[in-house]
Every structure is written in structure tokens, then in C-alpha cells.
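After this come two complexes, each holding chain A, first together with chain B and then together with chain C.
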Partner chain A sequence: MGARISRATLLRWAPFLVLIALVVFFTILNPSFFSLRNAARIALAATPALMVAIGVTFILIMGSIDLSMEGAVSVTAVLFATVFLQLGGTLASWAWIALPAAVLAGAVFGMLNGWLHVKLQIPSFMASLAFGFVGTGLALMMTGGDRIRVEDELFRGLLTFRFAGFPLMVWLAFGFVLIAWFIQTRTTIGRNLYAVGGGEELAHASGLNTRRVRVIGFTLAGAFYALGALMAVARIGIAETATGNNFMFISITSAVVGGVALWGGIGGVWNAVVGVLIVNVINNGMVVIGLPDYLQDGVLGLMVILAVVLSTDRRLVSFVK
Partner chain B sequence: MMDFQRIKPHLPWLTLVVLTAFVGIANPTFLAPSNLLMLAGDIVPLFIMALGLTFAIYIGGIDLSAQSMANLVTVIASIYLASMGAFVAVLCVLAGFLFGTLSGVITTKLKVPSFISTLAIGGVAFSLAQWLSGQKALFMDASQRDASFGWMIGRTGIIPNELFLAAALLLLCLFIERRTVLGRALKAVGAGELAAAASGLNVARYKILAFALSGALAAIAGLLFSVKLSGGAPTIANGFLLPAIVAVLVGGTPLTGGVGGVLNTVIGTLIVAVIRASMLYFEIDATRQQMVFGLVLIAAIALTIDRSKLRVVK
Partner chain C sequence: MYQLKAVDKKFPGVHALKAVDFEVKRGEVVGLVGENGAGKSTLMKVIYGAYQPDGGEISIDGRAVHFANPRQAMEQGIGMVFQEQSLIPNLTVMENVFLGQEAQFVRFGVINRRAMAAATRRQLAKVKLDIDPGMVTADLSFAQRQLVELAKVLTLEERVEGDLVILLDEPTSVLNREEVELLFGLVRELTSRASFIFVSHRMDEVMELSDRIYVMKDGQVVDVVTRGASDVEAIQKKMVGRSVDKEYYREPRQKPYDPSRVLVEMDRVRFPGRAAEVSLKLHAGEVLCLVGTEGSGREAVLRTIFGMRTPLAGRVSIKGREVTRFSPRNAVEQGVGYVPRERKIEGIVAGMSVYENMTLSQMRRYSGAGVLRTGEEKALARDWIKKLSIKAHSEFADCGNLSGGNQQKVVLSKWRSGGSDIMLLDHPTRGLDIGAKEDVYDMIRDMSDDGVGVVLVADTLEEAIGLSHTILVLKDGVIQQKFDGAPGAKPTLFDLLHYMI
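And now, the complex of A and B:
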């Protein structure tokens, strides 16, 4: 154990250090940033995006990309709300089945997405982009463009019930992060995702059914998109075609800012967590310090570039696309 | 027996012909020349944006700032048309070129993936557009617009004037792709960046130029769009980005780079146009169009992409 921190360790923790630096930065500019209330606000805003970012992280680990999350979130949110209201509209009845049903639907959606990509040999970028349209389209077809209100107090308890200052859904999300972490580090599926991302041909040559791994990866991602959809509905109490809007870019950006590489094999669940927090701290911080709203997209963009630059090991990367 | 390998490169336009015939058989009025020309004229702003994106995608990157760039240019054009007249076009293209260059520099020098860098630069362009416009919709003076850019819109005979602009830009891009050092260099970079760098090519410079071209063409798309609408706003071109990317991909320029090109994008844009128009002819309910679009798209992409140059499908 030397006193000097190795370069590798520093880079590994770089996204986390960026997060700390941002918190300190905004706290200096406005001390009210650093409060339990504001922390809860950031956590709440981050929760749905966090679930989606974790889902897409599994895909990025494989070196693929998934752009279907907006469709997946919309269609599972609408499906959940429809089934939930049909079965009684309160968690105290059989309507609770809508919750696991939505997650299952998300998994099936992801499985179909991965299956199309693998079976038709279409690169994931295109397959998932097109399949995302199908998802958004299905949601639109089911709602006819209307909003579905979910007003059950028990379900909205995810938002309204607080423990130690944070809404229930934040704690629940934390639980799902642990599950995702478990899948990533302690299961064959998790290891296989890294094997495919680290070098697909090698993984294939060593006897791994890489196509099956890919489909499983997309299925897993779909289930997490559905969790994101449930949190999004719990947060605003409405399910509609637009529920999925903006999740695509924000979730992928978050994962990359947190240190997940777009070329596969690098990063994991905790990187997604840190990345989502970085993006949400920036978003919240800009409001707290009173930055004019027209500047916020630009400043977010510049800070994202800065965060990625700080946490990329330029010695290892020969070129980027 | 027909050799499938020999048909493969022709799949994009065959797909287009089949789709067009399919709609035409169901409804022959679709095939009327004036109708087809009008359809083509309407899609020109999208086509120009897709043309630019082709360069970014051809080198294995992506330009997600194209839509924000077009938005920004509608604002710039609307504000400065009064003082600069037709020269505002120079300002617009220059702005696009500079923003594209910036994306390229961030991608190549700072090693930020283009997915992130162009998205971020798009955010900067959006902020600038909001600031310049005061977050309001802007309008062009109709007579000033007609004096400077009237030639872009309207029609000559039955041919929409936009098509002349599209043809000129297509020829320019085709020339860049086929007859210039830049075009050859981009092909080399797309086919294998490491090999290109190893053989002494200044890869970074050509990649930056590809993004700059993408930005400049997005700017022209924005200019045409603002002329057509006689105004501008920071969100007016929203909804263009994904269809433009789709047009490039469905034409047969996959994101892996080095395959396809600007001619493919012509076919791809027309495929998108025909699919969209077919919704009207088959009287598909508005709430179902998005889903049908997605399904037809998957079929079209599955048909058009040339997998022989993809080693592993990621």
C-alpha cells in the first residue's frame, strides 16, 4: 500500500470525484443546495431515469446500443395503467398484478427487440431505433392519444410516503440497483455480458452462445425500462404516449458520463448510478443557482463533455467513433 | 440460378421500387408524376439533413446535433435576413460548419464519443437559439424572403424548386465522396480507422471535416425549412433528427462505417417518404401510423443492409 494513489484507481473513481466536485461547486454557489430536501428532490427526479440507465448499461456492456427505451417505457406505462384500472384501480385489490405484469411486458418487449437484432442480423442501433417506434406506436394505439390517470393512493404512496426524508420509490430503486449489481457480479448472465462486450469472437470461440446472451441482455434491459416506467407513472400519476419522452438521450448520456464505455466491456451498474446522479445534480444545481433556463441545455452539454473528458483513460483509447 | 451476392448492392432501390409499386397498385393516383414530384419536394429539408448525416455515419460516428443546428439556423436566418439579405445564407452555413467542427474536435481530440459530443453541442446550439430568439417564434418579412430566397420554393412547371437545390447539393456531395481526397480519406477511415492512421492519414483532420460537413448541411436544411415556413423558432425543426438518421440507415449506410454513401441516402429518404405517404393511401388510422412505420422500417432495414461487410453484428 503506497501513499500514492495509482492512476488506474484514480480513473476508476473519476466519475465519483466529478460528482463530489459538482456537489461542492453548487453548494458554494448556493448553500441551500446541500440540504436533505434538495437531495430528496434530486433523488426523486433521478429515479425513473436511473432504472432506464441501468437497463441500457447492460446493453452497453455488450458493446451494443439500445434506442428503444422511449417506446419501451411508454408502452409498459400505458399497459400498466390500463390493466391496473381494469382490475380495480387500487393496490388493495387484484390490480397489484399489473405491477409484475408490466415488468414482464417490458422483458418481453426487450426480448423481441434483441431477437430482431440477432435473428435478422440488424445492428442494434437500427433494430432498436425502429422497434422503439413500434413501442411508442403501440402506446399511442392503446391510448388513442389520451392520458390515463392513476390516482390510487396506495400506488402513489411510492411518491408520497417518505422514509428518512426520501420517497419510498427512491428506496425501492436502491433495492433494484442492488439486484442489478447482483446480476452483474454474481450471476453467469452478468459475466457473459462482459465476455461478449470484451470480445465477441473470443467469447463465441470459447463456446459461449453469444446470440443467446445478447437476447438475454436485451430482455433484462426491457425489464428495467418497465421499472423506470412504473416509477415515472408513480411520480406524475399519469401514463401516456409521452411518458417515455427524453429517456433515450438522458439515459445513455448518464451511463457514459458515469464511466460506461460505448465500445463495450467497461463499466457497470454503479457507473450508471453515479452518471445519473451527475446529470441530475447538474440539472438541479443550475436551477438552484438561478441560471436562466435558456442556458441550461448548453451548460449541461458542456459539463457532460467535461465529465466524460475527466473520466476517460486516454492512454487506453486509441480512437473513438 | 440468380446470384444473391450480386443483387445485394441493389436491394435499397429495389425495396423502394417494390414499396412504390405496392402503394401504386392499391391506388394508381399515387403514381401520377406530379404527385410523386410533390412528395419528393416536401421531403427535401429532411433529405439535406440526412445528406450531412451520411458523412458522420459513413465514418462510423453519428451527429445528433443536426436537428438543433437546423433549429438554430431558422432563428439566425429569421433575425438577420432583414439586415443581410441573401448573404445570411453564408452566415448560416458558416455557423453550421463551425459547430460541426467543434463537435469533430471534441470527438477526435478530447476522445468523447460522437454520440455524446454531438448531443452536447446540440444542447449548446439549442441554448444559443433560445437566447437569440428570446424564446419566441420569429417571422420573416415575406417580400424580403421572396427577394432573397424565393427561388428555393415554388415550382418550375410541375417540378418543385426544392428539388433543384437538393440535386445541386447531391451532386456536390457525390463529388466530395467520389472525386476528392476527402472522400477517399473518409472511406478509408470508415473501413478501418486504425489501418488508415497507420498508413499515415491525418485521421483526426478528416473526421473533423466530416462533422463540419454534417453541420453545414444541417444548416442548409434549416435555412430551407425557415424559408418554407417564413420564420424560425428554437424548436421548429424538432422531429427531424430520427427520421433523418432512419433515412441514412435504411438507404444502406450502416453505423459501422465505410459502407454506403450519399446515393444510398437518396434512396433511403425516398423510402421514408413513400412509407409515410402510404399511410394516407392505405387510410391507416393516425394512432396506428407510428407502429406501422416502425414495423415497415424493420422490414425495410432487414432487406436493405449489406451484411457482408459486418464482421460481428453489434
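And now, the complex of A and C:
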């Protein structure tokens, strides 16, 4: 039996197996971990990060990296809240326009980021890191350091309305996962992203406009960062400069733990989903088993390293840079 | 003193070295010549320990040795001066010369830079190079780098007991005439310290420098010539030797092309870095072969037609229309397809499936509003898998896992299924076994029958002669001669070599 499962198949499912192992591990330590209520809690906590992780997954598939997500989330969150309150502050009015406007703003933000990277030939690492700070700065300028409360009951319904035990926003996020999956597998954009990541010179030699593909990839990522921002605001009811905090670590870690290769061409949306769940299960599990606060960050880091070791194939890379 | 006896080396599908005997005596310069693919580089790799032979024996002074890696060979006095320059450009000269050997200068964990610089100066004096050891390597000229590389190998003298054997792989390819003279003078002087194995495409230089010349062909040593015992022409004949099997290259299937339909025309085109102008015409149904040594400008022609390079001057027209913007995208739209030499880098995307690779250059045809019609893509892939009998378990197979020949078929079907009628083939049979090569030859004939114009850079001269309607011989970016290659009236290998070298 064991011989029939090929190494390749095993590697493909490794992140998923790690996830299951973690669930079993925490359930043994505290059986209350394995309950619908806790599952909903994990899903809810994971939702904003999932959107951001999907965004950055598109970038990683191209073999680039994007570090602008914290700025992108902050600026789109604040922009959304500001416009939303200006236009009436409830989804029942014209204020609903703030939702698509925020996604559009995220896309524009991503497009500028990608354009900087491609046109000025700045490595994506540097361009996006700097541009992320621009985003955080813009958010700070708009809020003046204040928190903006979004208390519309309809909008908060994303959190409070539950279906089958899970909040509405979890279902909505699931819908966006399917859309992302569709983009990845069924559209020319998705195929182009893989082609650029798998062999940029080849893509070029096949007549693809690789620079355009890169800008489109960043635009797409920006739109998903904005979705993450909207979910984050819906979850806590507050938009502020700090809304974007921590998304960089969580999203990139999740993608890598889930099996998206940093050198491009490998992995996809479902890897991001599994990765986000792994990270959030670890986070949640540590609370459930009662690990002291001050240990949690360090343990999370160690667990993530362990998860990466178990779920990726390092034989593929001769040098790790 | 250094001796190979009946050394054998096999790779999957290729018998690279067949019972090769090879010997270097003390203080001797031995030349090694042969066509591309004759087994020169494999033999060299066996000599300096990068490959381990499958059979035969290696001995130094009659004592059998075995090298598991180049480092062990170095410890026995075998040094290699690489063609592609193995110096690390951002390190200084002395750091490069003693790379991996720094321990001798270390005191209390710190490198004594002054001692290292002095030692480097001693090494550089051997090759008569007067430069500051603290210079960054990137600032040196090519000739200087070549000498530093030689100096680096000569450090073996102090480290190794016994005699040195130094391999020079195409050391003159980037040097001008005076620099070559300088290098040769140096090599002759250094024969008091070491023996040399000299590999080069330039026959006159091999003749000038070597005491004895090994001539290789098809993985065998076909002759050993001592200095003065033979002339260039005789050696060239031995290099290419055997008669060509007409069936092998599908010559009976070669039909005359249609001279009234010009697909590509280059009119006095000048490439960056070259003074000469190139003019040529490609007709429908024609196989146009570009022949020349590495760096003779074959690649520049291909890449210009494909729009990857913009020429400095002259006109390029595709199907009667002048090309104004050079980009692969435009070329693909005009029906140009390119099968690159580096299949892994520019040919297929490993990790993507067969059908995804096939439609990569023509996604617009298989999508509406950005959404792909994967059903049609898969049908296309199944169709071509059957047509070219590609060995893949299905259209979902990962292209990275296919054999070289099947990858090449995927690349060809990518362009052919998209209706490309100008095909640029750069070494399409490189690294393929014989059966796969014959498949590629059949495909080329099929394309000619369909009125496709093919520009071919062949892997060997025999292949070029066998397949082509027209042969252009290039040297240093200049078209030296044009040969007509109708069946029965094909030029001989010797005719071509005469203009190449």
C-alpha cells in the first residue's frame, strides 16, 4: 500500500496532513478544541487573513513577493470606513457603494505597486515594502491617528448573522475562494501567472507580455487585500491605521506553510486556504490548551518552522537564499 | 604519466565515450579536437573528475586512481581552466586565486591579507601578470581573467606532490591575436612545470601549440596525430569521417521549395557588436540551415527574426511586411515559432501540464473574455499527443517529467497547432536519443510539405547537410558562403568546414 502512494502525491497532500495532525494533537490535549463553536471561532479569525493570503499567493505564483499588504489593508479599511460614514453609514443607503469602491481602491493600490516594480525595475521585494509604508502613511493621514467606528447593524451582520453555525463572512470568504480558484484555473490571467512563475523567459518567448502579466497580478492581489480589509473591519467594527498590522507575517507564512513555493509556479488558492487554517489552528490551539500569553508568539514561530519543514520539498531547491 | 585506458561512459540513450585511450606525457601539450557532440567535453569531465567512467582505468605514473569529484582530481595534480570563467566577479583577485585554500593564511581565525597578497603575487608572476591582487575581478579584462584562472590552477604546484596536468577548455575564444600569442608563449614556458591538454575549435591554433593531437568522433578517438605529421585538412576529414546515411535524414522526402513565396527576408541587417551585414531569404517549404561555430552569429539571426533583438540597421520583412517593432509578441502574431536550444529555460514550463504548455502561445484562441475553454484545450492536446505519438500518460501529465524527445514534441506541437508557418529551430535534436532525433527529422519534413519555412541551427554538420535545402555558412557574423542542398547535390562536410574555421 505504502509503495503505491508516490512521493509527489504525498508532497502535494503534506500540508493537509499537517493540518489534520495539528487538529488531532490539540484535540488530544483538550477535547473541547474539536467542536463546532471552536471551528467557527477559528474560521472567523482566519477569514481576513485568508483573503490577504490568497492575494499574496497570486504574487508568489509569479515568483515575485509582495510586502505591501499591511499598508494596503490599512488604507482600504480606512478609506472604506470614511466613505461609508460620509454616505450615510448604513448599507440600506447609498453607502453600500463604499464596498466596491474599497475593492477598486485596493486594485488601484496594487496596480501602482506592480507598475513601480515593472516600470522602474525595482525588485518586487523593495518596491512593495516601500509602497506598503506609503499605504500606512496615507491611512494615518486620513484618520489623524483616530479609530473610525463602523456600527451599522446590516454591515456587522457579516459577523452577527450565522448560518449553520458559521458567521456570514466566513461563507462569503468561501465564495471568494471559489472565485479565486476560478481565476487561477480557468482564466488566461491565471494561466499567465503560472507561465511567468514557471519560466519567465519562456513566457516571453511564447509571445506573452510578461510585464503586463506582472502588473495584472499585483492588481488582483490588491483587490484581495481590500477584501481582507473589509472582513477585518466587519469583524471588529473599527477601521484604523493599525488594521493592517500582522497581516504580512500571517499571509506569507500561511501561503508557504500551505505549500506555495517562493520561487514561483507551484501551489495555488487551496494551498493558501490550508496554510491559513494551519496557522490559525496553531494560534487557537495554544489558547485552548492554556499556553501562557507570553509564550504564544515564540511557539507560533517554532510551530510554523516545523510546519514548513514537514510540508515543503526542499530537495527542489539546492540553495536557500 | 597521466593515462586513460579503455574508458567508457554511458548516459541514458547515448554512448558518450567508447573505450577511449588517452595519454599525457610529462611536459607535453596535447590537443583535443572533434565536432560538437564527439565526446570532447565528456572526456574532459572524466579527466578532471567531474564524471566517473563506467569502465576502463585511470592511472597516474602507472598507479591506478579514482576521482569521486574534481577536488580529489585536483589533489592529484589535475587542474581545469574553464571556458566559461569560473572566477567569482565580486571577489578580489587574491580571494579568487585562493578560494577554498584560505586556511594557510589564517592566524587566530583571521586571514592575514598581506601574506595572501604576497602569495598571490608569486602566483601571478608565473603567468607574467602584473596586477594588484586586491583588485576586484570584475574590473579585469577577459584576457587578464583567463590568466588569473591559469594562476589559480598553478597554485596546485605548491600543494601537490608530483606532476601537474592542466586542461585548457577553449581558452582562446575570447582573446585577440596578441593575447593568444601571449598565452601560447606562456604555455610553452610552463611546460617545464606542467603538462597541458588543449581543447579548441580553432584548428590552426591546436596545430600550432600541440605536440600531439587526439581526434575524436562519435565518442571514439579516431586518430592521434603528432606535430607536423598531418595538415589541417587531413585532420578535418578525420573529424567528420563516415558517410552519411541518406535515409537517416529523410532525404528522399526532401522536395523542392516554392521560390515564389518569400516568408522572411533580411536585407543588409546589422547586429549590435558586429560590423558585417547579413542578407537572406526564407521561402515556403524551405529548410534553411545556418552553419558556423559557437558565436558565429547563428543565434543573432534567429533571435532577430523572433523579435527578441532589434537590429542596428537594415530591413527585416515577414511575409512581405516590414517589421517595425521587434518583440516576440509581434513575431508570434505573424506566425513565427521558436524552438530554443535551452528547452528547460525557454521551451517548456515544467510544472505545467501538456495541454497548458501547448496553448501557452495561443491562449487568445482558446478563451473568451479571459475565461479559458479548457475542454477545447484538452481536445487539442489529445489530438497532438496522438498525431506525434507523444509519450505522456495523458494531457494532464507534467511536462517537466517527460523525456527530452517528448518535451521537444510538445514544443513543436505548441507552434504547429497554432498555425505557425515560420519555424526557428535552434538545436532541436540536442540531447535526444536516436529514435527521438528521427522523429524530429520526420516532423521537419512534414512541415516542409505543409509549406512551412524552417530556419535550422543543427546539432551537427551532418544533420545540417542532410536536412537542408539551403546552407549558409557564417563566421564572425558574416555569411561566408551559400550552398544549395538539393538531394544528390549536397555539399560535403569538408566544403563547409573549409568556410567555418
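Definition applied: the second predicted complex is superposed on the first by the 318 of 321 C-alpha atoms of A that agree within 3 Å, B and C clash if a C-alpha of one lies under 4 Å from a C-alpha of the other, contacts with A are read in each partner's own complex, and residues count from 1 in each chain.
Here, a residue touches a chain if its C-beta (ideal position, glycine included) is under 8 Å from a C-beta of that chain, and two chains touch if they have at least 3 such contacts.
Remember, predicted model here, so these are calculated numbers, not experimental data.
J.: So if we stack both complexes on chain A, do chain B and chain C clash, or do they fit?
T.: On the shared chain A, the partners fit.
J.: Which one hits more chain A residues, chain B or chain C?
T.: Counting contacted residues of chain A, the larger count belongs to B.
J.: May I ask for the angle at the C-alpha centre of chain A between those of chain B and chain C, rounded to a multiple of 10 degrees?
T.: Superposed on A, the angle at chain A reads 70 degrees.
J.: Which partner does A:F16 contact after superposing on A: first (chain B), second (chain C), both, neither?
T.: neither
J.: Could you say whether A:F80 touches chain B, chain C, both of them, or neither, answering first, second, both or neither?
T.: After superposing on A, A:F80 lies clear of both chain B and chain C.
J.: Regarding the shared-chain residue A:F58, is it in contact with chain B (first), chain C (second), both, or neither?
T.: Touch status of A:F58: no partner.
J.: Looking at A:E201, would you say it contacts chain B, chain C, both, or neither? Reply first, second, both or neither.
T.: both
J.: Applying the document's definition of touch, where does A:G132 land relative to chain B and chain C: first, second, both, or neither?
T.: first
J.: What is the contact status of A:G145 with respect to chain B (first) and chain C (second): first, second, both, or neither?
T.: In the superposition, A:G145 contacts chain B only.
J.: Please work out whether A:G301 is in contact with chain B alone, chain C alone, both, or neither, and reply first, second, both or neither.
T.: first
J.: Now for A:L120: first (chain B), second (chain C), both, or neither, which partner does it touch?
T.: first
J.: In the overlaid three-chain picture, find the nearest pair of C-alpha atoms across chain B and chain C and give that distance in Å.
T.: Superposed model gives a least chain B-chain C C-alpha distance of 5 Å.
J.: Per the definitions at the top, what is the overlap between the chain A residues touching chain B and those touching chain C?
T.: 201
J.: So in the complex, the part of chain B that touches chain A is made up of which residues?
T.: My answer: residues 59-61, 64, 106-108, 110-117, 119-128, 130-131, 135, 193-194, 197, 203, 242, 245-246, 249, 254-257, 287-295, 297-298, 301-302, 305, 307, 310-314.
J.: Over in the complex, which chain A residues touch chain B? Could you list them?
T.: Interface residues on chain A, with respect to chain B: 62-65, 71, 116-118, 120-127, 129-138, 140-141, 143-145, 200-201, 249, 252-253, 256-257, 262, 264, 294-302, 304-305, 308-309, 312, 314, 317-321.
J.: List the residues on chain C that touch chain A in their complex, please.
T.: The touching residues are 306, 308, 328-329, 331-333, 338, 340, 345-352, 356, 360-361, 363-364, 367, 370-372, 374, 414.
J.: Can you list the residues on chain A that touch chain C in the complex?
T.: It comes out as residues 185-189, 191-192, 194-195, 198-199, 201-209, 265-266.
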